[in-house]
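Labels run A, B, C, D, E and F following the written order; every chain starts at residue 1.
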Amino acid sequence: MATVPLIQDHDASTEVQAVFDDIRATRGSDFINNFWRALAHDPELLRATWDRLKVVMGPGTLDPLVKEMIYIAVSTANGCSYCIHSHTAAAEAKGMTPEQHGELLSVIGMASTTNALVTGLQVPVDSAFEKDGA
Amino acid sequence: MATVPLIQDHDASTEVQAVFDDIRATRGSDFINNFWRALAHDPELLRATWDRLKVVMGPGTLDPLVKEMIYIAVSTANGCSYCIHSHTAAAEAKGMTPEQHGELLSVIGMASTTNALVTGLQVPVDSAFEKDGA
Amino acid sequence: MATVPLIQDHDASTEVQAVFDDIRATRGSDFINNFWRALAHDPELLRATWDRLKVVMGPGTLDPLVKEMIYIAVSTANGCSYCIHSHTAAAEAKGMTPEQHGELLSVIGMASTTNALVTGLQVPVDSAFEKDGA
Amino acid sequence: MATVPLIQDHDASTEVQAVFDDIRATRGSDFINNFWRALAHDPELLRATWDRLKVVMGPGTLDPLVKEMIYIAVSTANGCSYCIHSHTAAAEAKGMTPEQHGELLSVIGMASTTNALVTGLQVPVDSAFEKDGA
Amino acid sequence: MATVPLIQDHDASTEVQAVFDDIRATRGSDFINNFWRALAHDPELLRATWDRLKVVMGPGTLDPLVKEMIYIAVSTANGCSYCIHSHTAAAEAKGMTPEQHGELLSVIGMASTTNALVTGLQVPVDSAFEKDGA
Amino acid sequence: MATVPLIQDHDASTEVQAVFDDIRATRGSDFINNFWRALAHDPELLRATWDRLKVVMGPGTLDPLVKEMIYIAVSTANGCSYCIHSHTAAAEAKGMTPEQHGELLSVIGMASTTNALVTGLQVPVDSAFEKDGA
């Protein structure tokens, strides 16, 4: 259960309804997932989060599927179950194949191991990796 | 400073030298970064880590640059400074542009926020995201 | 399910019962939540944890509600669902309004983003932030 | 060293200069800390991050010092050294006393322990903490 | 629910069946837990993970029960519920007593607190802890 | 640099000096590491932390070296550099061999990978791992 009520359409304020309408129009779907219904308990936070998400996950220099895979990687490292479920579904909707999913998990697993080994060994950064003048 | 000595070539055992040789041959570079020199204090762990990394980061269904960006995403969420430096350098060597780097950071930052909001709100997973029969 | 049995009152040893009695007297409520019933499998750990919690969350220089919000912030960053539920309930019992809850989540979300951006960018600490002589 | 160059004023584009000007005006100080100079390598991310931070950390229902302490709590749990230094300096500038700092750390330390104990014990959420209809 | 189907024996490919057979033979039990059934959606990842786990958790210089307790410690810090349940069960099967479990949790809890205090205080490493020449 | 001054002996209050004396007597060494000198800015927190550490790391059902290895495992997963350095030094002082150190890191690395894979796959807990009546 959430720590706040999930706002249903009939309970949505005008501000919340406006964001829900934009989510539906942007996604071309009537479905509003629970994250937005929970965030709706704070209309300003709902609006700010949706407006930023629309920009960040919108058209840019990275492929939309690549962005979803990066999102899954961060969500996995942060242990966010909801986020892993929602972005894995989004990645599959954008064409992620089982082979790509397995390879994504392989990279996440590899990075998790080497992150831990580097940290346990406290490896100093090689000067070759330092930016001149940075 | 590392919690173990960094093994230099003249101190490398035959097993360690064999892995260093494979790293050099695979990368087409004489440079062995500190991670491998620290891992070399345990030749079996060095071998197992390198052998797996070579497979995971080698040819597959995901683009090599995409794999480096996923690696940066996990390393950032895990707070591994060394890994962020080494894989950012690797991503740049594979052609990551400043625009792609900025967009990668934007996705990582966005995921970090929504991970925290979802967790703080304890949002229940929508049944729409559940795999039938999974 | 817990990894240990939850100790019910009729199964409580004298040591455990003494801690349960102190929790009830301190809180002015008969309710003992599952955390303490699980900890009770190790009476010494139960006693040490309760004794310290009573001091840390007791009267001091910070407002009791502020302490609960700090507790929620840490628990969210650490992904502890149980802790988020129990301390959100405690914060509401201490008067946290929906507006304050939304603002708390906004700060937690903001910090999570900038923590990730700073880490991904490996920003060096400004000398202005260093304590002289520290 | 950062993974990107730190943009100095004489290298700032018009967009970047506009954000730097707003930071200076808002804070009433000429000092621009390294976080903004690193973010400036992506003007859009710099602008979005600053605009949101100004709202979140601006006037609201929570005391400005309380917001800084929540920021320190999240940054500590996430292990962001830069963020801990910059927000501890900000909290002190807003009047945090050594006693309040010690008490903040005591709460962070307590939450970190109980988060770990709850997780290791896998304590189930008490129904008393569940929101009706949430 | 998992983000992938859990492969049952009758759906297992020859490669997957071979790993399941090795797990059964190595453990002397017919039981295959869900982790392996989920990993089986990527036979190469299943094989690599099992082969490495068999070496790492196999005979060495550390006691098998000690290895399980270290596994529980890492899984607790990483918040992996499944891993905590499976390795706590494994530790109990290897003879972990309730007293040892409580003491393990006490150390995990203590480390979690001091990790947070050290991070919040940004304590510099004592030169006495630095390895000469490392 | 620390976020607080490191208290030197000549600046120590009577309460702080009493804890420093107990650390020296307990360890049979004159050396007081920076963690305690930083904590000393809050004498109550210093006392509570030291008193608990002395109990948790003192004689019990687990071997002192095993406790140090568990401490290293948690500190590595939490990314606490100072803690990794200090407890690796402590483990070596208690007899940890390079082979044991390598094996400890191998288990930490393995757990880090499987934690990430389980999380990314969202593997449901097997009923076989659930405690009856828990």
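Basically, contacts are C-beta pairs under 8 Å (C-beta built on N, C-alpha and C of every residue); 3 or more make two chains touch, one makes a residue touch a chain.
Small disclaimer: the values here were computed from a predicted structure and weren't measured.
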### Task
Can you give the shortest number of steps from chain C to chain F, where adjacent chains in the path must touch?
1
### Task
Go through A-F and B-F and name the pair with more C-beta contacts between its chains.
A-F
## Note on the structure
Greatest centre-to-centre gap (Cα means) from chain B is with chain C
### Message
Measuring between Cα centroids, which chain is at the maximum distance from chain D?
### Response
E
## Note on the structure
Chain-centre distance (mean CA atoms) for chain A and chain D, in whole Å, is 20
### Query
When the centre of a chain is set as the mean of its C-alpha atoms, what distance in Å lies between chain C and chain E?
27
### Query
Quick one: chain D and chain E, Cα centre-to-centre, how many Å?
33
### Query
Which residues belonging to chain D are in contact with no fewer than two other chains?
1-4, 45, 48-49, 52, 74, 76-81, 84-85, 88, 99, 103-106, 108-117, 119-122, 130
### Task
Could you classify the connectivity of these chains, where an edge means two chains touch, as line, ring, star, complete or other?
complete
### Task
Could you please specify the touching residues of chain F with respect to chain B in the complex?
79, 84-85, 88, 98-99, 101-103, 105-106, 109, 116
### Summary
So, in the complex, the side of chain E touching chain B is made of residues 1-6, 48, 52, 55, 130-131, 133-134
## Note on the structure
Touching chain D in the complex, chain C uses residues 1-4, 31, 33-35, 38-39, 45, 49, 52-53, 56-57, 60-62, 66-67, 69-71, 73-78, 80-83, 85-86, 88-89, 97, 99-100, 103-104, 106-126, 128-130
### Query
Which chain E residues qualify as touching chain D in the complex?
72, 76-77, 79, 81, 84-85, 104-105, 108-117, 119-122
### Summary
Counting only contacts in the complex, chain A reaches chain C at residues 3-4, 41-42, 44-45, 48-49, 74, 78-80
